[in-house]
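Here chain A shows up in two complexes: once beside chain B, once beside chain C.
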Partner chain A sequence: MARRGGRRDQRLTMAAAPVLAVRDLSVALSRNGRSSRVLEAVSFAVAPHEIVALVGASGSGKSTLGLAIQGLLPRDARPEISGSICVAEAELVGAAEPALRQIRRSLVRVVPQDPLSGLDPTMTIGRQMAGKAREREAIAWLRRTGIADPERVARSYPHRLSGGQRQRVLIAMAMLARPRLLIADEPTTALDVLTQAQVLETLRGLTRAEGSALLFITHDLAVATSLADRVVVLEAGQVVEIGPVGAMLAAPQAAATRRLLAARYDLGSDRNRPLPAEGASVAWPAARRDASKVLELVGVSKTLGRRQVVHQVDLSIEAGESVAVVGESGAGKSTLLRIAAGLTKPDAGTVTRLGETRPQIVFQDPVAALTPWLSVGEQVADRLRGLGLNTAERRRRLGEAFAMVGLPESLMAALPGELSVGQCQRAVLARAIVVPPRLLLCDEPASAIDMPLAAAMLNLIGALRRRLGMALLFVTHDIAAARLIGDRIAVMQDGAVIEAGEAEALIARPATAHTRALVAAIPRFETAR
Partner chain B sequence: MTWRELLRRTGWVDGLAVVAVLLVTLLALAAPWLAPFDPQLRVAPAFLPPSASHWFGTDEIGRDMFSRVLLGVQGTWLPALAVIGVSMVVGSCIGLVSGYFGGWVDMVLQRATDLFLILPSVLVALAVTATLGPGLINTMLALMLFWWSWYARITRDEVRRLVARPHFEAARATGIHPARLILRHLLPGVMPALAVAATLDVVNVVLIMSLLSFLGLGQPAPAAELGAMTARSLDSLVAYWWLPVIPAAAIMLICLVANLAGDALRSSLRGS
Partner chain C sequence: MLAYLLRRLIGLVAVLLAMAFLIFALQGIIPADPARAIAGVAAPVEVLEAVRDKLGLSDPVPVQYGRFLGRVVQGDLGTSIRTRQPVLADIQKYLPASLELGLAALLIGTALAGLFALVHRRFPGSAVVRLTLITAGSTPIFLTALLLVYFVWFRLGWLPGAGRLSHRGFSGPTGLNLIDGLLAVRPDIALDALQHLLLPALAVALPIAVAVGRSLGASLHEVMRRPYIRTMRGKGLSEGEALWRHGLRNAASAPLAMLGLQIGLMFGNLMVVERIFAWPGLGLYMVQSFASADLPAILGVSLAFGSIYIVANIGIEMAQSLADPRIGLSRSRAGAAD
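Then we have the complex of A and B:
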């Protein structure tokens, strides 16, 4: 990754008055009538020109902190705030709404997580950015964020743009006000790796050039370290570590930081053993393999509307083998997975599956994949019906499935809404393996969740497929995850498989420019500073 | 959204409405035992105004009005519930099949539903009861004939909405039996919307049934029927006000209670 410029300038300006100074900030929010501390004695500062990453697992309070800095804590939660938040010497705590509005208008701007909900669907981009008067300025900003044809984008409605373009529009919109502080709340989680790398580069470039400070909220330490000058690590509402990126990577002080580092995987992680997210691990046992083909796709094509989403794909998976399909969003990999599952019929080509149990699918969003009004135990047990098992037998198998995915049996009667995301994930896996299929299909199961959960998911899938002898088809945009989970990797672009081979060999010697780009886009720790 | 949550979220005003519905139902069920006099027999002089011995007075032939109104509530409330219940069962079955299978099944069933939806309900009910002859069963049959279509449409739309949700696709992809898929993964998701529609709908059935008996197409003469009682005594409104006003007030009260319960359900659902 390119070295950033301006490091020396930034050292010089450190002594200047900070753009953001948070001192001894505590916030309590009440939910269902119970008040609970979300932030506890948080203190840190952001100097002009500086990029600070606010890192923490989900539930650590980082988004609450982001909202507090905008004076936007939800009023229903009756926030109790103590301490001080100063933006460019204006105090936010206790300020009246008009003053807060003024601060939001000119001093603090935000790039939200979900680009689509940040845009008004009924207005063109140009109109909502600036109105008639400042349209030329808006177009100039769009160009600076790396949008190739800003005039067309300014005339378009949000739904006509890609995810990456929308995020750039929001960055341009935020920069248009020339804020002193830009807050980016997980701005790249909804984007694929290539777009993510480009958006991060844009954010960094603009911050350096414009002299705004950037507060970057993320759960991903690698993204944080590749972008920021300093890192603030939050856990359970408290700052557990704060300091320059290099020092933190070289010698992490807090247990929470070490946990985040351990959960982080990249192209250098050891793929012969589980990720060390849950402590030290022993090497994977060898998977039970044989040469019978559990899935064979020959010349499979599919057209949706006028677009050919899958084009002449050949793919076969042997029993016990794990194949990862990598590609950008829109590469056709999810359609390929649906064809493999039998949910979508291909227009041409043949699909051959082995085994009576139909392939099971683990979808991207584990909470949305569970029926909200049925207990998770009932949903897992659904698959045990019609097998001629008696009640005792069914109970035993259900208990085994829960044990295998590491869910306590006491949660069998719980509704999905009462579980955490990590627990829903495990419940979805339990449903998939309660009657083990020959082939398990995973659609981006580790991309919509934060790092520690993603690491746990990858470990669990790896363990289950070896233990139960399942073949695996794993679809992802993250080539680092693909390398960890797949024996082989197939790279898809525009509906076609452009490259396939043994995972390590393919990443070490990519044959196509696209694969090289995917490999280069994976954020890496810059330990050698 | 589950029934458990629904109960937890219900406020005390809404709770009161639900209690009122239960109370009216209980009153209707127990009417024959609660009534102090036989509603069909002359028990006192005619045209007695409301008093301690006859709470709602007596009518033109000396029958006890309180007993007659109680039986009238039974004769209106219970058939209304029956009409709604049967319509809900028939309609939701058709809606579930239509929404789950989609394609030409949906097409055929929904066009059939359209046909019943566009019929002018009151006119058809009039025609049917006029043909079959007046009577409680005939009135109910006439209403059920087209009332289900409304529920079929609601169910079908809800099912289409649920079928597109990721949790349903995930459940379907596991390969479980379609019957289980429909009964456990779809039906409970449709029920809240159906229940809201049904409670608000009670009023419509009550009013149409009252209208039919007001027009003389309800139950024949000696039966205590709120609509008919109001209609027959309307010309004595000035001289003996309690004869038309009390049965009319009973109709109004029933409608009010049903409406409040419907609103309670709706507001507790909106939070989800």
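Then we have the complex of A and C:
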């Protein structure tokens, strides 16, 4: 455990030396007995006080890199590491476990991805942050992360706090050690847009004030560029581009960077055509519309426990129309969607649906929405039962559905566990449209997946609803996604629709402060495209 | 907390009433006849009827039940047909031995369960240990007990195979010989008591260890993969610290529930093991009472075991709530969770 003598004077030499120096790092992890290269000859450095964003699509190896820098690669995966990782001149590769722990304790700290499961549910915040001895210090740090009542939070158990509060707790817990390097692994993916912006600001402010370097791992180039000094782009385990933010945005060198940039959507994206994620695109065809109402909600209210989650909502959707409902978490949008689907009975108000096919729902978590022990093909074909189709006909319809969502037919026999998250989401869509409903309901289908996948999903849903003539109710916390997918947008706050209108008009001239805040929270590129 | 204890106390009384009634109802079904047992096999019918009347056995079952309840409320569990002693006195006499054996078994069982849970995790050759333990745990208790007696006492002579003490005439305030020996500063007695205790306690402990250990192991295995454990590792906690401070607490609920179930099963096992080791406790008393259809004794011991079981499970619920404060003790609040 004792530090070697040579490290004592490291603070003297630190001014020039990088906080983190990764040189020629290769990592192989084995899964189900097969070993595969996850990182290949990765080299980059982070200077003191610097904010570096590590950007890549899912599967690019960025989280593995984050774990390697903590010396926490999963032991079950029998990691084979070569190369060098130096944190404040301490070598991690090949270091003994006590030395690694010492480094984690005082030099490198992490803000994890999912704040909801990142805290011990059986222990108060104060105790798991610092133990009894340093409770006052913990409270001071909680206050610095922007928590209004740190004393109460320190006495609380995690389940009493919101996602944003928990992420602030995790930031405070990490900063408590005054680390030389803070690694933030997608710390805002699980948070809604408003909270995300605040948490990012907190991260930047605190690390700047404390002089900690920040390595920010993300799939979102806009977040990366709004926060970082330099960007490292990772693809398939290799660094494909590295450089200052401005230069990279002006002239992206690597194809992977250009793809990430293309998949990026914001309030300036062209909503008259698909996002250019998969190459150039032609304009959307006009949707088939008519004035018949596929869904009409009048004066709908719902109380859960003591809280009124939905309050006097009127909403109607015409055939072929797409309506996006936007709001923070807890605004009541998911409950509204469940009421529209007929899964939840409203306490007051009327719900009228058109057509005999029930509305179909695409939920946020595609993996959880599929039965793990049934093949994907079986689950999609389930909805074809009872239509009086023969085997050949069923087989044909199933093939069509798979083709429409862009899944290869070879995956019909696969179990959900063998599919990627993006493929699972496509399978869920295939199940929803194999018998096209008059109304498709989507509950944040693009928020738990990374940016390129989300763009592809928005394109796919936009294409399917136009092709099959479905009306769409799309629930999201991201007003940029709402603008792309919705003809109209309804903004919800505290259970009520506070504003609704044509998408472009509503965003150009928000009538309420809340909508203005939602618009302002969308990260934008700092340099012009 | 107080409201919780009060509610559980009312529950305890209700369960005891139901239990007493069940055993009473069973009396009408089983062919054994206590009057015949007292009067003798050859007694003429008139003598038998007289004994029956004297014992109150010819009254209808509800009347007998009511009479019994009335006495129990006054602390009178009746007179044992076999020993002709008040059942309460018999229970007071035999309870300490069973308590000593049961507590020792729980202690050994929990310790072994912890070991077993660690084996469940990983080390080279752990599969062999696991298989051995599962075999030991799934062997019927009478066989385990007999094998222990045969090898450890009869063949090897390492430990005594019957009774509680070699010293006659020693008795102390608690009735638990090991503790009394220590209290009286008689290390020879304490050691002797311990030697007598070890084998039967091990026999009773094995099924507890295997059941609770498997539950704890599986629970820990799952908990140690949770993201918050990764957070703690990221803070620089060692694997042991993370397991001890955060893993165990979160994994405790299921194994504690299993422990509660095992305490129930243990009473049955106590009867078998006390019989084999000639351990003069309530279990042995119960077995002998069964043989002579000694209904007052059976009822009394059942009520004693039932009370202990319920109190133990109240303790377990409190331990669960202590490990995971989200498990509230008051049930009314759980419904209105936000």
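As a working rule, the second predicted complex is superposed on the first by the 512 of 529 C-alpha atoms of A that agree within 3 Å, B and C clash if a C-alpha of one lies under 4 Å from a C-alpha of the other, contacts with A are read in each partner's own complex, and residues count from 1 in each chain.
Here is the rule we use: a contact is a pair of C-beta atoms (placed from the backbone, for glycine too) under 8 Å apart; a residue touches a chain by one contact, two chains touch by 3 or more.
Predicted model only: the values in this text are computed from it and were never measured.
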item: Contacts of A:297 with chain B and chain C, given as first, second, both or neither; value: neither
item: Which of chain B and chain C A:315 touches, first, second, both or neither; value: neither
item: Which of chain B and chain C A:305 touches, first, second, both or neither; value: second
item: Partner chain in contact with A:492 - chain B first, chain C second, else both or neither; value: neither
item: Which superposed partner A:368 touches (first chain B, second chain C, both, neither); value: first
item: Contacts of A:343 with chain B and chain C, given as first, second, both or neither; value: first
item: Chain C to chain A touching residues, read off their complex; value: 226-228, 230-238, 246, 249-250, 323-326, 336-338
item: Chain A residues within the chain C interface of the complex; value: 70, 72, 97-98, 101-106, 109-110, 112-114, 117-123, 128, 157, 159, 170, 173, 177, 305-307
item: In the complex, chain B residues that touch chain A; value: 1-2, 165-171, 173-177, 180, 184-185, 188-189
item: Residue numbers on chain A that touch chain B, as the complex places them; value: 341, 343, 357-358, 360-361, 363, 365, 368-374, 378-379, 382-383, 385-386, 415, 428, 431-432
